[in-house]
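Presented below are the structures under discussion, each in the form of structure tokens.
Both complexes shown next keep chain A, but they swap its partner, so chain B is in the first and chain C is in the second.
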Partner chain A sequence: MDGPSAAARLLRRFWSASLAAEMEYGMNAAIELLSVLGNLAGSLFVLSLFFRDGRNLGGWSWDQALVVLGIYTLLDGLTSTLLQPNLGALVTHVQKGTLDFVLLKPVDSQFWLSLRIFSPWGLPGVAVGGVLMIAGVVRAGTTPTPLGLAIGGLVLLAASLLLYSLWFVLAATSIWFVKVWNATEVLRATLVAGRYPISAYPAGLRVLFTFVLPVAFLTTVPAEALLGKAAAPVVLAGLLVAGLALGASRLFWIFALRFYTSASS
Partner chain B sequence: MNQRRSWPLPRAAHGLRMARVLLSTQYAYMLEYRAEIVLWALSGVLPLIMLGVWSEASAAGGPEATGGLGAQALGRYFLSAFVVRQFTIVWVIHSFEEDTLAGRLSPYLLQPLAPVWRYVTAHLAEQITRLPFVLAILALVFLIHPASAWLPSPPRLLAALVAIPLAFALRFAIQWILTMLCFWTERAAALERLMYIPYLFLSGLVAPLEAYPEGVRAFALATPFPWMVHFPAQLLAGGEVPVARGFVALLLWTLVLAPIGWMGWKLGMRRHSALGA
Partner chain C sequence: MAMIHARGLGKTFRVADKQPGLAGTLRHFLQRRHRDVSAVRDVSFLVEPGEVVGFLGPNGAGKTTTLKMLTGLIHPSSGSVEVAGFRPQRRQADFLRRITLVMGNKQQLIWDLPPLDSLRVNAAVYGIDDAEAQRRIRELSEMLEMGEELTRPVRKLSLGQRMKAELLAALLHRPDVLFLDEPTLGLDVNAQARVRSFLAQYNRRYGATLLLTSHYMADITALCPRVLLIHEGSLMHDGSLAELTTRLAPCREVRLELREPLPAAAFAAYGTVEDLQGRAVRLLVRRERLTASVARLLAELPVVDLEVREPPIEELIGQLFRREPAP
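Take a look at the complex of A and B:
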């Protein structure tokens, strides 16, 4: 690859080919939309249970909690669009030995493996999550400054990269443990914790969800940044964690490839 | 030849032997997938995560914030829901879809046994494989948090041990109906994901039904979903639950839905041979 423009051109080719393949299943769009809306209705209902009789959830108001739920829905949609299809394919490549062909391509292998497939069925989740997030910010009565919005967007981007790094590292362990796919199911099941602000959990879980499995940095910190209630050190920590995770995913991939002995051996 | 030797046996004994052989082969097969089964067991953490949120809500707002359940009742409820979920997980639609696509269904049809029993025993064998890991997870929870440990009263435990397999049977019947749609559409698994949504929110996996507003709870109780998680879980947890109504609901729903699944199989078979597959 030489430069971002080549990468962008490649992405356009990759994703238009994926779209063409997926469009053969027209009914999927209806089912996915229904599934996103059904899940949203259920999540909103369960969230509302915590706010009955004027209570709050870990010090968050209803509108503020909507921002967290919106970011969760958005990231979950992103997972269905890019992470799950691509990194699922990575596991299959290792199983079938076709990873050899990927490594031979004149494209960075991590780039190819992470972004080759684009599944449009996660997009309803991204859209609905985005709307919920914005609605929550507006309803919470925050008057966003341009700087605040820029920081919020940056933290949200950092959260997506952190999520990507978690998925990529887990999928890359398939170089050693071929049947690792269920481990990503565990990851996805645990990240459900990100539906609620981190302060809604007991102290022990808060520590776990901040330092061991960084759920806090995925939804709570971006929500705080968007609502303008994040302290500067927290925002910086969020950016730092994402940067470190992304770098670690890169190093881990290089390290893992040293153990990849190709299909025939 | 085996067939001929088994003829003189009375039907029941024959069935029992068949069940034993199927179970032991499926168990041996599942043991090979131990590592994956551990990961599956771990991916059922949802009730434990929700226990975190609900117990914090109860700490902040008192028992009226959680439908009258105190901290201890909440802990027992969600731990029980975790256990119930572990032993009522059904994945037949995925293995059936794979088997039809790979053409494995046709040889199964040649055998003197309805293929549904192969899937049922696979699930039962997987539950046996899962048992030690579920016990280990529970032991770990009780070790970290000894105050949460409890022993259900023997009658309640016995009732739960009956209710959990019944809940599994009902869940299997529901998914089997959707599985039969595999004969007509490639998207049957997507329909199963849709069915999972009311299951998730009405069964009591994410919230104890006691915390629902009256109207929603009444609606949920009119569906099969809460009887598959909330009812067996409250039996284990020792909470208040209409015992007789629960068993009647489980049995009635299964008796209504299982024949539909059976009809689906009959119709599907006609379609299957019509395809010439």
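Take a look at the complex of A and C:
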């Protein structure tokens, strides 16, 4: 690829082809919207149980907790839009041997494998999550400064990249294990923990969700940043973790490819 | 400068050595054993620009492994290879723009969409602008005799139509080195013939270099003045198909129909009796003695009809593989 404009043109072609292919299955939109709304209703109900007697949840008010739930819903929508279809396709490419076609294109293979497919059915989740997130911020009575919003946006972007890196590394292991699809499902199920603020969990789980599976950095830290209650070191740690994860996903892919190109037949 | 230059190319794979059955599975689980399998051994050859070379060999001979080394998809364990002046395994963009790989058993087209959508993606991948892409699509689809198939979803195309669309997608960037792995696999006779004539035309029009593997001898005889024969990872022949036939079959078959039956001993002076049934005789005669033997047969025996046959190349290669076990 020659520069960002060529990459943008390619991405437009990728996504318009994906949209055209997805439109062959029009009923999916309605089903996906129903599924997002159903999930959200369930989460809101569970969340409301915690706040029944005016209690708070690990130091978070109802409105603040809505921001966390909104970010989770948004990231889950993003997962359905980009991560799951693309990284699912990576596993299929390895199984069917069509990864060869991708590797023979003069395009960065990680770019191709991460962004080739765009499934619009995750967009209702992104939209509903976005609305919930903004509603939570407004209702919580926070008036974010431009700087606060910029930091919030940056941390949210970092959270998305972190989530992407986790998915990509897991999908890339299919080069060795071939059948890793179940593992990515387990990852998605674990990330459900990010629906609620991390401080709501017992200490042991908090450690797990911060240092082992970085669930905290996916939803709680961006929510704190948007609500202006994040400490600077935590925000920095969030950015650093995302940067490291992204770098690690790149290195891991280069390593996996070296293995693929010396082992496949 | 040669377009493809392989020097002492070799590839060894580590494969798990597992006995069958539950006991074998348990043993394998507890103590994995591996052994090295040599898929390609010390293969060297040169291909000049514009040449069409056939790559022959039975399943598992190492043809696909070699093709994958030439395209840079797998790294050689030994030796080296250069294609269009590049080292394939580095997979530089400039190298990838000059080659293509067509695999008869795998497809790159988007299943749910018409081929045109995949072609638009490929145009963007190779940085071909829309007008130029249109022009090339028109030109190639005329050569391939394609029409409305380009706007029909791939899943609704016949195997032959799909293969033509795959070829179009693989050649849109006008590569000058084509690696074709069984491009006519599963196609009916007519579709095979169309693919063959298209490849010959592409080679003539653009001066492209072609290296193709095929199980269909007709592909090789129609397209490849030169063949590389690979067996159990080693190169056994590099030359014309005629030379290969001479090498594999030093004899021709002479079929005779006689006016009256004769004993086998009557033919000893002309060749080896392969079959003798009443008045019908099949003799094997060495090529260098063929003309003289036929003339003598006609002059000396009561011949009603005579036919000289070349054994089919498939049969000869089959015999070769059965005759010569791996060294």
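Here, the second predicted complex is superposed on the first by the 261 of 265 C-alpha atoms of A that agree within 3 Å, B and C clash if a C-alpha of one lies under 4 Å from a C-alpha of the other, contacts with A are read in each partner's own complex, and residues count from 1 in each chain.
The criterion applied here is as follows: a contact is a pair of C-beta atoms (placed from the backbone, for glycine too) under 8 Å apart; a residue touches a chain by one contact, two chains touch by 3 or more.
This is a predicted model, so every value here is computed, not measured.
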In the superposed model built on chain A, check whether chain B and chain C fit or clash. fit
Given the touch rule stated above, what does A:Val155 touch, chain B (first), chain C (second), both, or neither? neither
For A:Ala230, is the partner it touches chain B (first), chain C (second), both, or none of the two (neither)? neither
With both complexes overlaid on chain A, does A:Val169 touch chain B (first), chain C (second), both or neither? neither
In the overlay, work out which of chain B or chain C sits against more residues of chain A. B
Once the structures are superposed on A, label A:Tyr201 by its partner contacts, choosing first (chain B), second (chain C), both or neither. first
Determine, under the contact definition given at the top, whether A:Asp100 touches first (chain B), second (chain C), both, or neither. second
Output check: A:Ile71 vs chain B and chain C. Expected answer is one of first, second, both, neither. What do you get? neither
A:Ala17 in the overlay: touching chain B, chain C, both, or neither? Say first, second, both or neither. second
Min C-alpha distance chain B to chain C after superposition on A, in Å, is 10
Quick check: in the complex, which residue numbers of chain A touch chain C? 1-2, 6, 9-10, 12-14, 17, 20-21, 24, 96-98, 100-101, 103-107, 261-265
Flag every residue of chain C that touches chain A in the complex, lowest number first. 13-14, 39, 64-65, 68, 71-75, 89, 91, 93-94, 96-97, 99-101, 103, 106-108, 110-113, 117-118, 120-121, 123-127, 153
Parts of chain B lying in touch with chain A, wherever the complex brings them together: 35-36, 39-40, 42-46, 49, 52-53, 55-57, 59-61, 64-65, 185-187, 190-191, 193-194, 197-198, 200-201, 206-207, 211-213, 216
Partner chain B, residues of chain A touching it in the complex: 25, 27-28, 31-32, 34-35, 38-39, 42, 45-46, 49-50, 52-53, 55, 57-58, 179, 182-183, 185-186, 188-190, 192-193, 196, 200-202, 205
